[in-house]
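To start, the structure under review is shown below, and the notes come after it.
To keep things simple, chains are lettered A, B, C and D as they appear, and every chain counts its residues starting from 1.
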Amino acid sequence: MTARVGVVTFPGTLDDRDTQRAVRIAGLEPVPLWHRDKDLKQVDAVVLPGGFSYGDYLRAGAISRFSPVMETVIEQAKGGMPVLGICNGFQVLTETHLLPGAMLRNNHLHFICRDQKLRVENADTAWTADYEAGQEISVPLKNIDGRYVADEHTLDELEAEGRVVFRYLDVNPNGSLRDIAGITNAAGNVVGLMPHPEHAVEPLVGTGRTDGLGFFTSILKKLVNA
Amino acid sequence: MARVVVDVMLKPEILDPQGQAVQRALPRLGFEGIADVRQGKRFELEVEGPVDEAALARIHEMAETFLANTVIEDFTVRVDS
Amino acid sequence: MTLDTVKHANETPDVDQPWAELGLKQDEYERIRAILGRRPTGAELAMYSVMWSEHCSYKSSKVHLRQFGEKAPENDALLVGIGENAGVVDVGQGYAVTFKVESHNHPSYIEPYQGAATGVGGIVRDILAMGARPVAVMDPLRFGAADHPDTKRVLPGVVAGIGGYGNCLGLPNIGGEVVFDSCYQGNPLVNALCVGVMKHEDIHLAKASGAGNKVILYGARTGGDGIGGVSVLASETFDDSKPTKRPAVQVGDPFQEKLLIECTLEIFREDLVDGIQDLGGAGLSCATSELASAGSGGMRVELDRVHLRDATLSPEEILMSESQERMCAIVEPGKVDRFLEICEKWDVIATVIGEVTDGERLEIFWHGEQIVDVPPRTVAHEGPVYERPYARPDWQDALQADDANKLARPETAEELRAQVLKVISSPNQASKSWITDQYDRFVQGNTVLAQPEDSGMVRVDEDTNLGVAVATDGNGRYAKLDPYAGAQLALAESYRNVAATGARPLAISNCLNFGSPEDPAVMWQFAEATRGLADGCLTLGTPVTGGNVSLYNQTGETAIHPTPVVAVLGVIDDVNRRTPMAFSDEGHLLYLLGDTKEELGGSAWSQVVHDHLGGLPPAVDLDREKLLAEILIAASRDGMIDAAHDLSDGGLIQAVAESCLRGGKGARIIVPDDMDPFVFLFSESAGRAVVAVPRSEELRFNDMCGARGLPATRIGVVDGETIDVQGQFAIPLTELRQAHEATIPALLA
Amino acid sequence: MARVVVDVMLKPEILDPQGQAVQRALPRLGFEGIADVRQGKRFELEVEGPVDEAALARIHEMAETFLANTVIEDFTVRVDS
């Protein structure tokens, strides 16, 4: 038996098919979820993929956050279901306040697409257990609203509680405070990050690395061994 | 129909690279004497029906929950005259 | 306000009509009157004027473009040829690929961001209309001098617009070009290419057939975009109270286009459309007349049903509006409900605006009154055709006599080294990653190769690893020296770039950017370039599947360099076999394939070091290009090489530098005994590539080249962290990287 | 220091996809009665020295040549009080 991972499609989502592919490559069953349906089809975990949902108009993630599917996702995330937000998905998670802080326009004001080095700071979340703390990985980054900000108090708290999951290495590509690339909630089931692990799962395409596969094998082990 | 304007600006303590980029460009274009620039958003809402206190309260709520992200932004609501 | 109905036109034959303001010539207006047997209504005049414009009718270029059909090589791969929204090529395993390149030059000068963005939007809809899922975009660009202040306005806007639109659609940008030359100062070139993939059975055509079938307009609401000219007609002739100025600039909404793509693909999956057409230039005028003209029967449209963004639009303006993100489909009555349901699912507005009739006329009504009654072919396909006079300009001989091979050359090794760095760091030869890093190249998860590789490559089938590669090239300097050869060199370079990555070139698309066709010298350049391209395609066996012509690219009397941009599409059976450009393995041997002659006319060296343009461009040998391609493909398939990079502008040293920087490895280069080092490094002879051969494959590789008669010269080895041209100079990679990568950010960031 | 506000809005006839997206979302969030939404930019300039007519004229020029793209946008300049 394998686990079912829902992948949400909002209008303007781009990386839903890629994410489904990554889920499949890791040995999980991808389940497409539609923004208008509250029903999560009994999935065991949910990924909010990247893209420009609603064109990123108003603010990235601001409009999607109010979709019917998110009502259920928010409720179940609070109940402990693993949720991963990648890029636009991360932006949606901050807009829903499942994760603290907010994402703003990159400090250099440009869209940036690059192979980004990261350090895994926390290997105890539902989505990072297959990594080791301190491990360095490279995955593609591509966004224009990727600058993570939160007030000092929140940042201190995130660090004190070990909730910074990924930090940018070598270059901070967007001016994110304290080089934060990804964070988790207190329970460790909800993780959001700007870079794209789903684009680093096959040696043939993208950057040719498979450093992102660990996200999906982590969740596989958690769900199947649970 | 009445127009209500919602202005949304980044909180003062949040870095505003867009405003900064504008400010940095000004001297090059020959405009001196601007000490600071902040860039925000302006929403013009065309409201059906009377813009009474109840309507403004609703718009205030809309701004707070939707038009602005109060983690990073402040907003003001006013009737355009 | 009186509506100018057909009836009214019949009753008022002598009304003065603003045909000149709409860009029609007197004889063209007379011809419209003759076709209709009366004066046209305002709406008809609007339709004819825009459909008979150069942009829509190809009236100046048509006679020359015919050669692409007449000289088309025998080719089983071509499924749909010139004339449809885009050509379609069979790439095997039941897949078909469609691709096309188009220009959005003039709008991008006025409003760089929106001009470029809507350029991407337009070409993507063309590809979608063929039935394909768009899978990648590319953007060949030309700007004025890199250090000119206006370039700093135009370039960042264009790049942000291409990225802003393409990234938001989820289309990887896998390649393009950035060229600076002062000839493009007041007239940048913004060309955009899109590639789409479908199964053979999914091919759709733009035709309206089957009386009773419904015409559905779907997508964005129609607004007053891009109808500047036509509002003359709407306001001055019929209603003086209107604003005379409608925006000539269109604003794109990539989010809406993304919905349109997904919605349309779902509609195709359920086989709900009979014919389909995107709305681009000339909006509904174009879509309705082309659909009706290509199909059987006529069409009846109720124009007042169109969803508007601006309620004050006149019927003429609605017909002319170039509002973006709209499509028009022909749907059987029984399928209309399901069609509308899918649109609703994707939040896309859809309206039945008419139906196919068994007549022969395109009839358009406004609140029940007839405002258009025309034979659709006369609007869409039987516009005027001009045999514009052309003549070889009198300055051409002098230009060619001004031989670049006679320019002063470096006299010492130090001077040679300095010139190498100067060329490599010049804006045209420098790294473009500041630009291309603003484009998403990973989305869709099928990108095998992207910039700065020789061609972009995407995987088409995840199980079999079938893939396609596309490259675009054009060199206006070569084409200025000799337009016939220049067009062939663009073709050859693009063909070579595809082969360098291991893909087999199959077909081409092109975008022909020229000055005013009313100038006989420009018309000669155009005639020569099209002839060169058609002849070249015949020799190479790669048919032209479609393309685009952009004329009137000039500032005042001065035309841009003739700039034919050629896109070559290739196929690769297994993308695992792709050849990247990076030299990444120490000890691998470097071979130069092809012959190096003393050819510096139009070269990067002559431009950078001497600011010179003169002489003849490199000689073209298309049979040699074919042979080179065969060797590159066979070597990739059989694992004999593990890197390849084609040689083009900047010559050998440019290619070696790029491959070394890409792989982070140096090279020791040996100048062949019989060669002048300067010529060896900077000549731009065509038909060449440099490859990295593992030692274990050297024998086999050499044997193959020898047996096939391709000159292959061992010129060095991948080694260390320096490019060491032995006996001449050495440049550490760090210094080289700085020179190559710092230029563009310093100019633009 | 005085503050001058420059509001930049798309011309009425130009498509405003952002405003449209906001407007379409409102009913779903339970806010009815908003007939139209337009989204623009608001620049807050901190001006050194007196904001006299000359200063305003300069800011007007700055808005016209730089802050707004008058091909597609209109702007207004006013002193914030």
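Just so it is clear, a contact is a pair of C-beta atoms (placed from the backbone, for glycine too) under 8 Å apart; a residue touches a chain by one contact, two chains touch by 3 or more.
Keep in mind that this is a model prediction, so the values were computed, not measured.
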item	value
Higher-contact pair (C-beta pairs counted), A-B versus A-C	A-C
Computed distance of Cα centres, chain B from chain A, in Å	30
Chain centre separation in whole Å, for chain D relative to chain A (CA means)	34
Rounded Å distance, chain B centre to chain C centre (Cα mean)	41
Chain A residues counted as touching two or more neighbouring chains	54-55, 57-58, 66, 108
Sites on chain C at which at least two other chains make contact	253, 255-256, 347
Residues of chain B whose C-beta touches two or more other chains	66-67
Arrangement of touching chains [line / ring / star / complete / other]	other
Contacting residues of chain A [partner chain D, same complex]	54-55, 57-58, 63, 66
Residue ranges of chain D touching chain C (in the complex, touch as defined)	10-11, 13-17, 20-21, 24, 69, 71-72
Contact set on chain D toward chain A in their complex	17-18, 21-22, 25, 28-29, 39
Residue ranges of chain A touching chain B (in the complex, touch as defined)	58-59, 62, 66, 94-95, 100-102, 104-109, 149-151, 175
Contact set on chain D toward chain B in their complex	1, 7-9, 19, 22, 25-26, 29, 31, 33-49, 55, 58, 62, 65-67
